[in-house]
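Here subunit A shows up in two complexes: once beside subunit B, once beside subunit C.
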Partner chain A sequence: MTFLLKRLAAAALTVFLVSALTFAAFNIIPGDAASAMAGADATPEQVEQIREKLGMNRPLHTRYAGWLKGFVSGDLGDSLRFGTPVASLLREKLPVTMTLAGLSFAMILVISFPLALLTTRRENGITDRAASAVTTVSVSVPNFFLGVLIIWVFSLALKLFTAGAYVPREQSAGGFVAYLVFPALAVALPLSAMVVKFLRSAIFEQKREAYVRTAYSEGSSSGRVLSRHVLKNAVIPTVTFLGMIIGDILGGSIVVEQVFSVPGLGRLLLSAVNSRDFPLLQTLVAYVTLAVVLANTLVDIAISVIDPRIRVAA
Partner chain B sequence: MKKLITLLLSLALLATLLAGCKEKGKPATEDPAVTLRYGVTTEPDSLDPFLAAGADTKGLFFNVFEGLFKVGTDGGLNPAIATDYTVNGDSTVWTFTIRTGVKFHNGAELTPEDVEFSLGKAAEAGYYSFDKIADVAIDGNVVTVSLSEPNPEFLTVLTSEVVPKDYADQASAPVGTGPYKLESYKPQESLTFVRNEEYWGAEPEIDTVVVQIQASQTALVTSLQSGNIDAATVTAASIDQLDASAYDIVTQNSNGPQIFVLNNTYEPLTDVRVRQALNYAVNRREIIDIVGSGYGVQSESPLFPGLSKYYNENLYDAYPTDLETARSLLAAAGYPNGFDLEIKIPSNYDVHVQTGEVIVSQLQKIGVNATIKTIDWNTWLDDVNKGANYQASVITISGRSVNPLVELKRYTSTSSSNFFHYTSAEFDDVYSRAGSELDAAKRVSLYKELQQIVSDDAVSVYLLDIAGLTALNKSFTGLLSYPIYGIIDFAALKTVG
Partner chain C sequence: METKLLALENLSIAVGGGKNPPLAVRGISLEAGGGELVGLAGESGCGKSLTALSIPGLLPEGVRIAGGSIMFGGTDLAAESERGLRALRGSDITMVFQEPMSSLNPLMKVGSQIAEPLRLHGAGSRAEIRARVLEMIEKVELPEPERIYKAYPHQLSGGQRQRVMLAIALVCRPRLLIADEPTTALDAAVQSQILELLKRLNASLGTTVLFISHDLNVIRSLCSRVYVMYAGRICESGTAAEIFGSPAHEYTKGLIASVPRREMRGMPLLGIPGRVPPVEKYGDGCPFAPRCARRTGECGKRFPEVSRLSDTHFASCYRVASRGGEERDDE
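Take a look at the complex of A and B:
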C-alpha cells in the first residue's frame, strides 16, 4: 500500500514540476494571446479589447496560481483562443487521441509479439535476418513521412480510405475507428520495430541461460520451454519498455494527427502554443504528463505483480 | 503455439477491418440537397465580426454578415442593408434609406436602431474613419449620419457588419443578415453554413457549405486528391499534383502586395539610395517563375492591382532589374562592397521563405550578403509588426478595403501599423489632402501620387500580387473573384448539369 502511495505522490510531483516548467517557458517566448489572436491586421483598439476581454492585464503569478487552483478543483477555465471552456474542448478531443493511442498500442502488441517470436526461432536464420532488415528500416522512418506514404499507398493508390475525411465519433463510431486505423498504423510501425528488436534480444539472452538448457535436459518440448520459461522472463523488461514508449505513442499521435487532419489533442496542443493560449496549453500539458506518468506507474505495478522481488527493491 | 495462432487471427481481423473501410469513404449521392465541401487551413480568429481581424475570417464571413453596402467583384459598392443614399455638398451629412423586411438569422427584424448600434460597434473596434462620426439620427427607416469632417469616400467603409443590438452571443453563435448562416462551428474540424431561407436577395443554389479545417497545405492537397473536399485554395506548386479532369483551377489575385520589407530606420537602409539599389537588384520575374511556378502578377506599387480604379499603372515595373545601376547606387551611398542583411521571415509561410531564398541569391550579385532567419509567427508579430527589432522581412499585406486610404494609412508617420518606420512630410501632406478632396478625379490622382511617393522613396521592395489558385470540382462553377480579402462567395456558386 505504501508502495502505491509513494508512486502516486511521485506522479503528482512530476505533473506539478512539468506544469511549472511549461509556464516558465511559455512566458519567455515572445507574443501573447491577444496579439496572436488579433494577428497583423488588427487595429490597436481591437487588440486592447481582446486583452481586456481575456483578463490578460492581471500579473503572471496570479494567472498561474488561478489556473493551478482551478485545475486542482476541476475548473479548467476558458480557452483564450476558442472562447469555449477548456473542459468541453478536452471532452471533444481527448477521446480522439486516446482512441488513436489505444489503437496504436494494440497494433504494436499485435505486430511485434508474433514477429519477435517468429524471428527468434533460429538466431541468424533467414526470417531473423529478413525481419532484422525490415525493423531497422522501420525504426529509421519518421512517422510523419510514413503517414504521407500510407496516404499515398492506401488512400490515393488502393483507395482503401479517403484521406482527410475524418468521421466524428458521434456521427458513426465504426467510421471513426476505421479512419483512425491508418494514422495508428503510422504511429505503430516504427515503434513496433523497436519492440521487436528489444524483445528479440531479450529472448535470445534468455535462451542462452543455463536454466533453459536444464529445462531441455529435463525433456521439456521447445514450445513449453518458450512459453513457461523464456517468454516469462523476457516479458518483464519488455513491459517496462512498453511503458516507456507510451510517451512516444502520444508524441507520435500528435505528429501524425497533422498529416491525417485528425482533430485530436495534437492539433489542439499545436494551436495552443501558436496562439499563446495559456489555460488550454497548461491543461493539455498536465493531462499528457499525467497520462504518461500513470501509464508508467501502472507498468511498475504490473511488473511488481509479475515479479514480487521488484516490489521489495522499491 | 496457441498464443501465436490467436495473434495471427487478430492480424487477420485487422486486415478485414482495413478492407471494411472502403465503403465508408464514399459520399452519399442520393441526397437531393446540394452540399459543397470547402477546405481551408486557417481557423477563424473570432466569430464575433468586430473582434475578427484575419483576412481569411473576413473573407469567409462575407457570406454571413452584410453592411449597408457590399463590395462588388469590380471593387464597386452594391446596396445591401441600405437601398439608397444621399449626401450633402461637402460630404459631411450622409442619409441612408434602410431596406425593410430584412431579417436577422435569429429571426429578429432588422431596424434602423440596429444600424445605429452597429456603427457604434465599428467605431469601438477602431475601424477606419468611424471615429469621425459625430451624430446618428433616425427618422422612420431613414438613418442620417453626420461626420465631423468631410469624407467623400465614406461609403467604402460602410461595408462594416450590421448586427442586432440586443444580442450578446456573437462570439459563439454569430448572427447577421447574409445569404448563409453559421449552423455550427467545431474547433479544428469544420464550420457548417446553411442557406438563409429568409434572405432578402436572390436565393442561392447551394444548400449547405461545409468548410473543413485541415491541418496543413499537404493535407489540403491530399483531401482534394482523395475527393474528400470539392474546393480549396492551393499553392502553385501543388497544382500539378491534382487531376486536371476532376478540377478546374480558378486564378484569382491574392489582393495584397507581397513585399520585401525594409526597416527604414536600420543603417544602411536609412539611405534612400541603398533601398533603391535593392529594388534594382531584385528580379521579380524570376521570383514569379521560381516560387509561383509562373503564376502571379508583377506589381511595384504599395497598392494591389485589384483596386484598378486607383492603382498606379506606371509602377508595374518601376525598378527594372539593373545590376549596374544598383552597384553604382550602393557605391554612391558609401557601400561599394555591399553589407550584411538579416531577413526575418515567419516560418509558417512557405511562399515567403522561398521568396526570401531567391532574394538572397539575387542580392549576392551586388555584394549584399543577406541571410534568412525564420521565426515563428508570434515572434514576427513582436519583432516586425510591433517592434522595430528587425532589418528586413518578407510578407504580404492583405487588402482589406476598396478605399485606398485604408490601405495606404500605414505609410503615414503616425500610424501604429507603419512597420517600415517610414516618415515623409510630403506623403503625410498628400495623404491628408486626399482624404478631404471632394472632386473624384482629383482624388484619384492624389491616390496615384501617394503610390508614386512610396515608390520613389523605395520604402521597401514591392514584388508582386501572389496568385490565389482555387481548385474547384468540375461539378461546381461560378467562383467569383473579389478585389479584397479572398472572399469566397457561396451565393454565386452553382452546380453543373
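Take a look at the complex of A and C:
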C-alpha cells in the first residue's frame, strides 16, 4: 500500500516537473501564439490585441498555475490554433498513438524473446554471431528510414498494404489495426534488436551463476535449466529495460506516424509546437509523461511479483 | 579387495583444446565406498574440484576427461552418455558446493528446490514429495520445517542455506555425496555445526561422502581416509591416523606444519615456500620438487612410483621409496 502511494507521489512529481520545464522552454523560444495567429502582415497593435485576448500578458507563473489548475481539475481548455477543446482533440488522437505504441510493444516481445533464446543456445555459436550482426545493424538504422524501407518492401513491392491509406478506427477496427501493423514494425525492429542484445547478455550472465551448477547436479537437462531457472532470473533486468524503452516506443511512434501518415499525437504535437499552441502542447506533454510513468510503475509491480527479494524491500 | 562404490583409476583431465592440451589432473587413482567419509585435500588450484566435477560428468566447457576410468557401482562414468549421467545426477550421485549464497535459485521457494531432485527422478505424488521434503528439512536440523519450506533463499542465513543444499543433495538418498569445500565460505562456528551434521547424516543414511577441502583441520575432524593432492597428482593417501600421525610425503608434512595449532601460539606461522605451478608447467617429474626442501636429482625427471607403507598408506616420493617402503606393483 505504501509502495503504491509512493509510486503515485513520484508520478505526480514527475508530471509536474516535466510540464514546468516544457512551459519554461516554450517561453524561451522566439515567437508566440499571438504572432503565429495574426500572421506575418499583422501590425504590432493587432498582435497585442490577440495577446490580450488570450491572456498572454499575465506573468509567467500565473499562466502556468492557470494551466495546472485546469489540468488537475480536468478542464484542459481550448486549443489556440484549432479553437476546439483540447480534451476532444486528445480523445480523437490519443487512442491512435496508444494503439501504435501497444502494437509495437507486443511486437518487441514476440520478436525478441524467441530470438534471444535461439542465440543463447551456444555462446559465440553460429546463430549467436549471426544474430549479433543482424541486431547491430538493426539498432543502428533510424526508425524513420526503416519506415521508408518497410513502405518500399511491403507496400510497393509486396503490395500487402497501401501506404498513406490510413483506415480510421471508426470505419473498421480490423483495418485500423492492420494498417498500424506496418508502422509498428518500424518502431519495434530497432528496439527489438536492443532487447535481444540485453536479454542475451542477461541469459549468459545467469548461466554462469552457481545455482545453475546446482540445477545440473540435480539431474536437470539444459532445457529445463533454461526454462525453470535461467530465464526467470534473466527476465528481471530485462523487464526493467523494457520499462526504459517505453519512452523510446512513444517517441518512435510519433516520428513514424509522419512517415506512414497516421493521424496520431505526432502530428498534433508538431502543429502545437509550430503554432505555439500552449494549452495543447502542455497537455500533450503531460499525457505522454503520464503514460511513461504509468508504464514504469507497471514494470516495478511486475518485477516485485517475479522477484521475492524486492517484495520484502517494498 | 571388495569392489568399491567409487573407484577412479588413472584418471586424467585435460584443460583446453588443441592437440596436446595440458593435463590438470594426471593419472590419479582414488577409491571410496562402504559409507566411508573420504577426504581429498590440497591447495586451491591443484585439481581437486575438477576431479569432483568429473565424477557426475559436470566438467565445464573446454575441460574433458583425457584418460582413465571412473567406476561407479560397476559402470564406467567416464564412458557413460550424458543421458545416463543425468539419470544418476541428483539421485545416486549428488554434490554440495562452496557458495551457499549463490548455489540456490533466488526466485524459488526452498521447499520447491529441495523437491526438484524428487520431481526430476520421478518420485510419487505431490503430497508424497511434500512429505519427503519436510522430512528432509527436519533431517538437516532446520527449525520450523513448514516455515523453511515456504521461505526464499534470501530469508535464510549462510549456514541454513548450506543445510538446504545438503537437503537437496540427500533427499533422493544418493549412494555418493561429493562435497566440494562445503564449509569454506562459512564462519567457524557454523562450519563445525555443518560438519557435525554431515557426520550424523553419513552415519544415519550410510551415504558415502567424498569430502574436498583445502582445510586440513576440517578433513582431520571428519574423514576416516585421506588423499592428498598436489598439482594434479595424488602424492599420498592413507587413513586419517596415518596421514596426520606419520605423514610420509614432504608436501603432506608441509601442509600439516602450516596448520595453526594451539601449542604453537605466539610462534610465526609456517608455510610452504612457493606456490602451485600453473597447469601448463606441471612437468613430468614430481610437481612438488621445485618447492621441496629435500629434493634430489631424479625428482624433477620422472614422477615417482607409488610406495606402499602399510595396507592403507601409500606415497609417491623417492625419499619414501629409498627409506624402504616397498615399491608397489603397477596396477
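The definition used in the following text is that the second predicted complex is superposed on the first by the 287 of 314 C-alpha atoms of A that agree within 3 Å, B and C clash if a C-alpha of one lies under 4 Å from a C-alpha of the other, contacts with A are read in each partner's own complex, and residues count from 1 in each chain.
FYI, contacts are C-beta pairs under 8 Å (C-beta built on N, C-alpha and C of every residue); 3 or more make two chains touch, one makes a residue touch a chain.
Since the model is a prediction, treat every value here as computed from it, not as a measurement.
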Joint occupancy of subunit A by subunit B and subunit C, clash or fit: fit
Which superposed partner A:308 touches (first subunit B, second subunit C, both, neither): second
Which superposed partner A:233 touches (first subunit B, second subunit C, both, neither): second
Touched partner set for A:37, first subunit B, second subunit C, both or neither: first
Larger contact residue set on subunit A - subunit B or subunit C: B
Touching partner for A:216 - first (subunit B), second (subunit C), both, neither: second
First, second, both or neither for A:161, with subunit B first and subunit C second: first
Lowest inter-chain C-alpha distance for subunit C and subunit B in the superposed arrangement, angstrom: 17
Overlapping contact positions on subunit A, where the subunit C interface meets the subunit B interface: none
Subunit B residues touching subunit A - in the complex, by the definition given at the top: 1, 3-4, 7-8, 10-11, 14, 17-22, 24-25, 39, 43, 45-46, 50-51, 53-55, 124-127, 171-172, 186-189, 212-216, 218-220, 222-223, 225-229, 376-379, 381-383, 385-386, 395, 397-398, 400, 416
In the complex with subunit B, residue positions of subunit A that touch it: 29-31, 35-46, 49-50, 53, 82-84, 89, 92-93, 107, 110-111, 113-114, 117, 148, 151, 154-156, 159-168, 172, 174-175, 178-179, 181, 223, 227, 257-263, 267-268, 271, 274, 276
Contact footprint of subunit A on subunit C as seen in their complex: 56, 58, 86-91, 94-95, 97, 99, 102-108, 116-117, 120-121, 152, 154-155, 165, 168-169
Residue numbers on subunit A that touch subunit C, as the complex places them: 209-211, 213-221, 224, 229, 232-233, 306-309, 312
